[in-house]
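Take a look at the structures below.
In what follows, subunit A forms one complex with subunit B and a second complex with subunit C.
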Partner chain A sequence: MAEEKKKSAWGYVVVWGALTVLTVATWVLGTKLKLGAFSLPVALGLAVMKTVLVAMFFMHLVEQPGARRVVLPVSAVFLCLLLGVTLLEVMTRIRMSRPDGIEEELEPRRPESTRTAPPGSGSKRLMGN
Partner chain B sequence: MSTESSPWEEHFGSRENQSQAAQLGMWIFLGSEVLLFTNLFVGYAVYRYYYPEVFVEASKHLKADWAMVQTLLLVTSSLFVVLAVHAIRQGRQLQTVLVLVLAIGMGLGFLGIKGWEYWEHWKEGALPGEYYRLAEVPERGGSLFFTLYFLLTGLHAIHMLVALGLLGWLVWGALTGKYTAEYHIPVEVGGLYWHLVDIFWLFIFPLLYLVE
Partner chain C sequence: MNLAAGSNQPAITYLNHETTVRSWLLTRDHKRIGVMFLVGVIFALLLGGIFAMALRIELLTPGPTVMAPMTYNRMFTLHGVTMVWLFMIPAIPSAFGNFVLPIMLGAKDVAFPRLNLASFYIYLAGSLLTVFGMLWSGADTGWTFYTPYSTVSPTTVTPILMGVFIIGFSTIITGLNFITTVHTLRAPGMHWTRIPLFVWTIYGTSVIQVVATPVLGMVLLLVAAERVLGMGIFDPSRGGDPVLFQHMFWFYSHPAVYIMVLPAMGVITEVVCAYSRKNIFGYKMVAASTFGIAFVGFFTWGHHMFVSGQSTFGSGVFGVLSMLVAIFTAIKIFNWVATLYGGSIDLKVPLLYVLGFIFLLMFGGMTGVAVATTSLDVHWHDTYFVVAHFHYIMVGAVLMAFLAALHYWWPKMFGRLYPERWSFLAAMTIIFGFIVTFLPQFLLGNMGMPRRYYEYPREMQWLHVLSTAGASLLAFGFGLIAIYLLWSLRYGAEAPVNAWGSRGYEWYSGSPPVPHNFTEAPRFEREVHDYTVAEVPRVY
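Take a look at the complex of A and B:
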């Protein structure tokens, strides 16, 4: 690795500066300026930008050859597939499963609270809804 | 030149091959870690879709300002870890130890803030599942939010502990002179793990703390 000898570390500091700015921007947008419907896409967009910076430069993805380069993007593709298809199913569930034409109930009818005892007493449940 | 103590294994054929195999193995492991966290993120997405208003209310009980401090700590520790890789690639062992210790300190700071946050949630009654006692947020949805909060941050904190142990082991290795400019595979792959744990937090931060 003789060619590493001359490389400067200042590039990493620049990337760190960008990450810091993006972090503070995420916080300002999320707590001070309310973006309403755009807040989730904007926050996720900023997170993806930070991830690309970390993966490319801190994890040295830019200098990786071949198979090492594609493993992380491929796992991200699987993440998007699982997330996207699951959300698609959840958001269309009732409409598709109602051939009887009842239109007013597009939201899934959520079960009433299954809690019969006061909180923290007795019944063993993993999630409470 | 394979002696008993040499880290180079003959069956890889060449040193370059050994380094590549180690890094590819780490990348595949990191891919499986992404899929592990994916399940929690999908669960979060589904329940946020079902209970959007309750998630906003519940999120106000988290400490977004401190979460930003935590994010900055992690991002800065990532810089120190990459500087450690940079230093050991040039064979500077002492500098490697120094920046790794700084990174460990920031990781411990992160976990300290997290522990304090957990303690505050405990006092408030914002706990998962049947221990949920937060009156201001509806139990349906609110309990799910805090269940997901503790699962996501808890799994992340466990990864932090493992990664901190890994960094400590790297410090020990660098102190005893195990790593040189020629052989530093453990520093490279250990750094990769630290950065991935950092990346998970980059998504947990806006999803849990900045809901609106």
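Take a look at the complex of A and C:
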């Protein structure tokens, strides 16, 4: 870092401010407002924004030249691959083998003989055996 | 250059310039670190081999033979964990990659020598923790740690999980180090199209190591958290999804099979060139196929999950994508054969291992395509067929390449020659022993022999006995190699500077190399493996 010139700390303070605002927003949106089905995507979206800010400024990625800039996009692509394909697979599964599908198993209108959960296990319990 | 009297080896080498134990343990020389990794992985191979023999002896008879069922479960876990995590993953990149990669690039060392030493100690710490966990009580989950069983197993899974987690850091650090080295420390004259193909495969491997290993780290940590803190991530009775574990595990572990096999392919390329006296046929295609394999390898992980409750749609997609890997592998095989064709072939031991490699890789690859076909895999999954498939690749191919590298670079590393006849005998024993061990396992699997079972029906016994007999041959072959290599360290004839007349760039330095690899800055004016000139390259 020979050519480093004096940088003021104000940039970091601004980024810190933005992170604080986003954190408060996460808390408000998650607890005060009921977003229903949107709560997960909104929370994840805010988390991604915070991650990018930290990586870019506190981890100095914006200042990097050349090939080192590729690192963040490449990591993002692989993360999307892992999450995207896994979610796609869960969405196309038969209901029974989905984590929430077991409720169907416990449904009272199913004949008892076809249930895998022992009778009497409450509906709170996700899997009886 | 400075030669010892009456010998063509440098008087001062990385081996003799300092000889205290301390100078080894605190070294930052990539060559010494490579040698220490080599000792470490060979020790792991020995340990894993002992466990393997115990398994094979137990399976000699259909009923109980020498151990209790629970001991058997622990034994196959110990075998898998040691072989995969302690031996296969670091074997070629950390040992041989460390030793030859900087020399091939004309560099004095890797980019981060201290980090390189740290990587070795992290590997050592992780391995010791794993071995400690195994000796304390030993897990019975298999090397794959599948949930939900691994979260409830009464054995000590947690230390082993943490040990493997720690070894992962060594993998990541070494990968980063190699990537940086290739980018920043190439000698003048080394364009991107002159980089030796072994270095390209190590580079591709390093990218996988850096991108995929953190996912393994996360999933191991989550299993440990579930065991220790009772979190419900994978356990369905606590609202988790066990298939999620398999997604994360195989997102790492399928690319990890390329962490093992790509460097092996790099070794093969070097050896094929050196002993057929020709530069590789289709350099660019071979380099590109390395990245093809590394990339496509990330899209195929679901082929391990066809019967796990994964969606039919998912299985179909993963099945088709898996077949693509075969295309890139085939490119390499055709190019090796085309290089051999019309070459001036010198059948030394490393080349013998290469021939074994090509033959066995084809078997392993083709059965890979077979088990990636969903309808067939429903029958073969979790049987000996799969065991045979991956042993054909991991032992038949990767271990052959490891032995090829060991024999090809032995004079380079230690400046000694080994007895040729004994090495031929050992190589033939190993190749033959391998086939006798694992070919019967395809047949057993097809008959329905499940993997990880302690007992089996009587009519399968003759195939099991055959397999155990082959394993004994393998063990004999390894014993032979150990004896003559150790013997050669002390009594072997002194090797010439370039024992094989190779034109590979690593031979531009002395054998064994001087402490900083070169006494003056090397210049690479010819293509790598250019055999059109008669004289061997000069030593810098």
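Simple rule for what comes next: the second predicted complex is superposed on the first by the 89 of 129 C-alpha atoms of A that agree within 3 Å, B and C clash if a C-alpha of one lies under 4 Å from a C-alpha of the other, contacts with A are read in each partner's own complex, and residues count from 1 in each chain.
Heads up, the rule we're going with is that contacts are C-beta pairs under 8 Å (C-beta built on N, C-alpha and C of every residue); 3 or more make two chains touch, one makes a residue touch a chain.
Predicted model only: the values in this text are computed from it and were never measured.
Legend: residue contacts after superposition of the two complexes on their common chain; A:47 is shown touching subunit B, with no touch to subunit C.
Within the superposed three-chain model, A:74 lies in touch with subunit B and with subunit C [touch as defined at top]. Contacts of A:82 after superposition on the shared chain: both subunit B and subunit C are touched. In the overlay built on the shared chain, the residue A:32 is in contact with neither subunit B nor subunit C. Of the two partner chains placed by superposition, only subunit B is touched by A:59; subunit C is not. In the superposition on chain A, A:92 makes contact with subunit C only, not with subunit B. Note on subunit A: of its two partners subunit C and subunit B, the one contacting more of its residues is B. When both complexes are overlaid on chain A, the residue A:16 reaches subunit B alone and has no touch with subunit C.
Looking at subunit A, you'll find residues 67, 74-75, 78, 82, 86, 90-91, 125-127 touch subunit B in one structure and subunit C in the other.
If you check the complex, the residues on subunit B that touch subunit A are 20, 23-24, 27-28, 30-32, 34-35, 38-39, 41-42, 45-46, 49-50, 64-65, 68, 71-72, 75-76, 78-79, 81-83, 85-86, 89-90, 128-133, 139-141, 143-144, 147, 181-182, 191-192, 195-196, 198-199, 202-203, 205-207, 209-210, 212.
Chain contact summary for the complex, subunit A toward subunit C: residues 67, 74-75, 78, 81-82, 85-86, 88-94, 97-99, 102, 125-127. Interface of subunit C with subunit A (complex): residues 183, 211-212, 215, 236-241, 243-244, 247-248, 251, 298-299, 302, 309-314.
Contact residues on subunit A toward subunit B in their complex (touch as defined above): 1, 4-5, 7, 9, 12-13, 15-16, 19-20, 23-24, 26-27, 29-31, 34-36, 39, 43-44, 46-47, 50-51, 54-55, 57-60, 64-65, 67-68, 71-72, 74-76, 78-79, 82-83, 86-87, 90-91, 108, 110, 113, 115, 119-120, 123-129.
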